[in-house]
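Okay, so chain A shows up in both of these, paired with chain B first and chain C after.
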Partner chain A sequence: MKRTQKLQNHLFIGMAIVAGFALLPMLSDERFFLGQVILFFIWAIVAMSWNLLAGHSGVFSLAQLLFVACGAYGVAMGVTYFGLPIWVAIPAATLLAVVVALIIGLACLRLSGVYIALLTLAIAQIVHSLILSDTSCLDGSGVSCVAVSGGTRGISGFDGFGFKPILRGNWILGNYYVILGAFAAVIFAIVVVIHGRLGLAFRAIRDNVGYASSRGVDRKRYQLLAFVVSAFFTGLAGGLYAAHFQFAGPSIFEFSNVLFVLAMMVVGGMGSTWGPLIGTALIMVLTEIATGYGDAKNLLLGAALIVTVILMPNGLAKVIDDTFTKLRGVVRPKTIGKEVRN
Partner chain B sequence: MKRKTTSNSEITPAKSRRSFLKGLGATSVATPVALAGLNKAATAQNNDPVIIGCPVSLTGMIAADGIEVRNGLEMAAEELNEQGGILGRPIEVHFADTESKGDDMVIQATQRLIDRENASAIITSYNLETGAAMINAAADAGIIAMHAFTSTTHDDRVLADPDRYWGIFQYCPPERIYGEGLLDMIQTLEETGKFDRANDKIAIINGPGSFTGQIAAAVRDGAAEHGYTISLFETATPPVSDWGPVLAKLRADPPAVIAMTHYHVQDQAQFMNQFTTNPTDSLIYMLYGPSLGAFRDIAGENSVGCLYSSVIGVLQDEIGTSFAARYRERYGENSSPSVGAMAYQAMFAYATAAALAGGPGEPYDDTQNRLVAEKLKAINIRGPVGTMRFHHDTQSAVSYPGETDDPSLGMPHIFSQIQDAKEDGYVVSPWPYAVRDYETPSWIKGGE
Partner chain C sequence: METLVQLTLTSLTTGSMYALAAVGLSLIWGALGMLNMGHGAFMTLGAYAAMTAINALGLPPFLGIFVSLIVGAAIGILAHLLVAKWVIVQDGAHTNIMVATAGLAILIEDSILKIYGGYPYPQPFSVTGSVSIGGVAVNLQSVFILLVALVLVGVVAFLLLKTKFGRAIRATAMNRDAARLMGVRTETVFLQVMALAGALAGVSGMLISTQATLSPMMGGAPMLKAFVICVVAGLGNVWGAGVMAIVLAFAEVVVGYSIGLHFGFPAMLLIVILVLIWRPEGLFGKERVVRL
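Up next, the complex of A and B:
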């Protein structure tokens, strides 16, 4: 299948997914349910962005949730301390994530493999610890302290998307469609990147850095680009998260959330196009089922990871892809050899 | 903001403690009996359970308190159901674990309870949130939410926007009562000749965060009114294992009172161990920590003499001790009735108000829920933590003796003193709930 044809097919799938979600509130307007779907959009953006970086570019960074935090804290601080309107704060926070990614990327991409993972994790954990131990007093009185970063409790109570006074009881629909719009833009952008020349260059470096370099693909330049593009989408997700919950706190990027998103990516299938989306949906459903069983949630996540790694090493996306290929083979057996994954 | 809601001339210390508590005993029995009477007279609206939602931390850092809250609510639901629930409808409590996390998790948990479980009301104690998450989710759904954040911010929010927060109740007094109450209690000790100040100085050792900061500020701001000056105002960030620098300042300029609002139990116990090696003639008050067995375990005999207080704690009276015994029998000797009792009594308050209003409202049915809120403001509920009665404007519990002179109309701010390192502290104030007299600590000259 030609690359442009494949791109068109994936864009068509993307449109079908977005259309389905656009119609969903007509089937159920339950606020909790829509709230969970909004969370799905946000985590799916994070998982797909991470997949672009780790799955397609071969850069196993563990700082992805730090970029979520950059977006979230950027919005929280922008609105709270600088009085920015939310529609300005979100792009500003997204750019903040890009700048942070550029700095971290320049430092980390001198390394490769597991060293990148260790260094990015260390940077994320240092920032997390700094926020947790922040006991500074913004007002300087030493009594009613409000830490600049919000400390352990975070920053809250700032203006959200502003739909509550307009839509009143249905405010969540406003949030839903705004975040769906961002989700749609991100998945189309990621599909275009993955199935365009840029994605090809990313995968060339991932699969054989020596050969890619000999063909003029600069590893550092392209991996830095992947790092920054991924951080842009992830920062946007963080900004949306903060605007929806009107909150930014250290719980956003604690290590359990890193594992949570990693599980989405691995279960769905790293290096695939729609795997992270499938993984996000599955992990969120599993988490919902496990709610009420305390720490069983983490056990369930662990079990899902083990089962996937053993039985489906390429994730659910590959299983679904193979199943469709087999089904097509039954109908049109002659086309089997021409199908290419992705 | 200091105010008194009543000036009761009938109840004076001259009236005997026994006769007062006997009267309260009758009142306390009357509450569940009244509810049982309402239930008996009512034709059950239907058999659908009334769902009470509780977003609380059942895992993570503050899970110990969360589990006690769950115990208290389950015990209350069981006892209420034995009396017919709410107008014949059984009560079911559903919990959503907030995992000791922040606003985002609390919002999701509360929304789950409202939309998924169809909770008619939210009752919890506290979460690691900013104080806006749970109440906004409940206010959006038009239901009652009862919490024990112990926060002046609650009062400010309700006063600023009563149309939005008509259903949000803080079933304990705000934190500033701790500071104001301490100064009043010291004054009472002085007036009754139980404490003789060595000088007019108070040293405040504050902790991080707005909760302790508000209490420290209340002591600082009220000191002059009681004839004191602040000789030291130090903010300590936990963990503090070496109190040497702070103790050096205290010993260089010994105060009559040391008020420690820094409430980390290990740090407080270490303070006592280091303080008693070369003590000053100071009355020592500490927030929260001395109420825990761990404090006495670490400080041992050095803990004896320490004062501590709670604006919502189990009384050592007939009702309180009976509750504590039932609670411990049910949940074990190591359980904490003080935490469980708060939510337990809040549940009784909600059930009574809902029954008086003709039944609980559903989520987004703010007409019926507003009636329940009105009844909550109108009733007094006597239980193991004393009387639960709400200010009509702030919808926080009225504190006795800080905000009312009448012990039957406010939740007692109880001061306890450790008098034996092997036992829990004894309530030494206020009248009529005190079971022991205050004893001068051994480190004060002339002490025992």
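Up next, the complex of A and C:
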């Protein structure tokens, strides 16, 4: 299949997905359900852009949730301290995530492989612990001391999208369609990147750095690009998160949440196109069930990660793909040599 | 002067605890080529095992150290047989093993949380009293930690350098395939390394818990520090990891003392990032890094 044909097919799948979600509120407008779907949009954006970076570019960064936090804290602080309107705060916060990613990327991408993973993890965890231990007093006059970053409690109570006065009881529909719009834009953008020349360059570097470089694909430049592009989408997701929940706190990027999103990407399938979307839906449903059974969410996440890596290292997307191929009876030419992944 | 002695002693104590964890991590990386994200959970497990043995089973406190040693080794072996063994042979093992061991970590930590609750316990094992060295009161606890770490590092060094077992480990770390061709049972070596590193992690966790309290997430920060230490020393370089543990602990303690306690680790990381910009393969890394 030619590349443009493949891109077209994936764009059609994307359109079908977005159309399905656009019609969903007609089936049920229960607030809890729509809230969960909104959360799905946000985590799906994060998982898909993480997959762009880790699955396609081979940069296993563990700082992705830090960029969510950048977006969320950016919105929270922008609205609370600077009085920005939410529609200005979200792009500003996204930009903040991009700038932070640029700095971290420039420092970390000098290294390769697991060194990147370790350093990004360390940076994210340090920011997390600095926020937790933040005791700077914003307002020293009162009895209670409020830290600039909100400390362990985070920042809450600022204005959200502001649909409550307009749509009244149906305010969640306003949030739903705004976030669906962002979700649609992001998944189309990611599909175009993955199946375009850029994605090809990313995968070339992932599969063989030496060969790609000798053909003029500069590793640092393209990996930095992947890092920043994925941080852009991730930061946007963080901004939407803060605007929807009217909250930004350290729980966003604590380690169990990192594993939560990691599980979505890994179970769905790293290096695939739609895997993270499947993974997000599956992990969200499973953790929702597990939370009911005596708060077994983290136990389930741990087990899911181990079982997936051992039994289906390429995730559900590959399993589904293989099953379809088998059903159609298509004989695929065997790939020569092993798939090299960094 | 007094402060200087005190700071040196504190960093030696802290550094020796980090060294135990970092040496284990480095051994695993060297021999199995895997980054063990479960190391922090192994530490936590070692600390809780010692506490349980002393509190519930009524063992004499000093035996707690052996309990954490044995439980650490056991979890290392289990982790290898149940998880690592299957993943290190895959394509893309470097990433996959991180994901799988991170899963193992959260599994262990959450199990501990479910069993013991989130309430921080004190570690019942402790050495009380202090001696005076040059007019500075020195906590016997610190001296004890230092001694235990020295003995263990000595034992590891002896094992690695002077025994057949150690030679097999070093051979596997240098070149897995060549070692196998020379008749080294690499599968057994993997198991031994995991047991050894697990034991070191268990004791390290137990020692750390005597300085603070036990909590299900207590392994997280020390593991991160051990990672950073291994990275700056060059992954897989066991001696470098030991040395850097002391050096970075000193930096952490000094910054923590002079600027503020919670800036210690960030300062440590900043040093590491600067070092890595200068030498991406780590300070003692022999592995030639081709910059592409």
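The working rule: the second predicted complex is superposed on the first by the 326 of 342 C-alpha atoms of A that agree within 3 Å, B and C clash if a C-alpha of one lies under 4 Å from a C-alpha of the other, contacts with A are read in each partner's own complex, and residues count from 1 in each chain.
Just so it is clear, contacts are C-beta pairs under 8 Å (C-beta built on N, C-alpha and C of every residue); 3 or more make two chains touch, one makes a residue touch a chain.
Just so you know, these numbers come straight off a predicted model, no measurement behind them.
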{"item": "When chain B and chain C are modelled together on chain A, clash or fit", "value": "fit"}
{"item": "First (chain B), second (chain C), both or neither touched by A:118", "value": "second"}
{"item": "Angle at the Cα centre of chain A, taken between the Cα centres of chain B and chain C once the superposition is applied, in steps of 10 degrees", "value": "70"}
{"item": "Which of chain B and chain C A:28 touches, first, second, both or neither", "value": "neither"}
{"item": "Which superposed partner A:153 touches (first chain B, second chain C, both, neither)", "value": "first"}
{"item": "Which of chain B and chain C A:303 touches, first, second, both or neither", "value": "second"}
{"item": "Which of chain B and chain C A:213 touches, first, second, both or neither", "value": "second"}
{"item": "Dominant toucher of chain A (residue count), chain B or chain C", "value": "C"}
{"item": "First, second, both or neither for A:249, with chain B first and chain C second", "value": "first"}
{"item": "Minimum C-alpha separation between chain B and chain C after superposing on chain A, in Å", "value": "6"}
{"item": "Sites on chain B touched by chain A in the complex", "value": "58-59, 95-97, 101-105, 107-108, 111-112, 114-116, 128-130, 132-133, 140-141, 206, 208-210, 213-214, 216-217, 220, 233, 235, 237, 364"}
{"item": "Chain A-touching residues of chain C, taken from the complex the two chains share", "value": "35, 82-83, 86-87, 90-92, 94-100, 102-111, 114, 220-221, 224, 227-228, 230-231, 235, 262, 265-266, 269, 272-273, 276-277, 280, 289-290, 292"}
{"item": "Chain A to chain C touching residues, read off their complex", "value": "54, 60, 107, 110-115, 117-119, 121-123, 125-126, 129-130, 133, 209-210, 213, 219, 255-256, 259, 262-263, 266, 270, 298-299, 301-306, 309-310, 313, 338-342"}
{"item": "Chain B contact footprint on chain A (complex, rising order)", "value": "30-33, 35, 39, 135, 142-146, 151-157, 164, 169, 171, 241, 245-247, 249-252, 291-292, 294-295"}
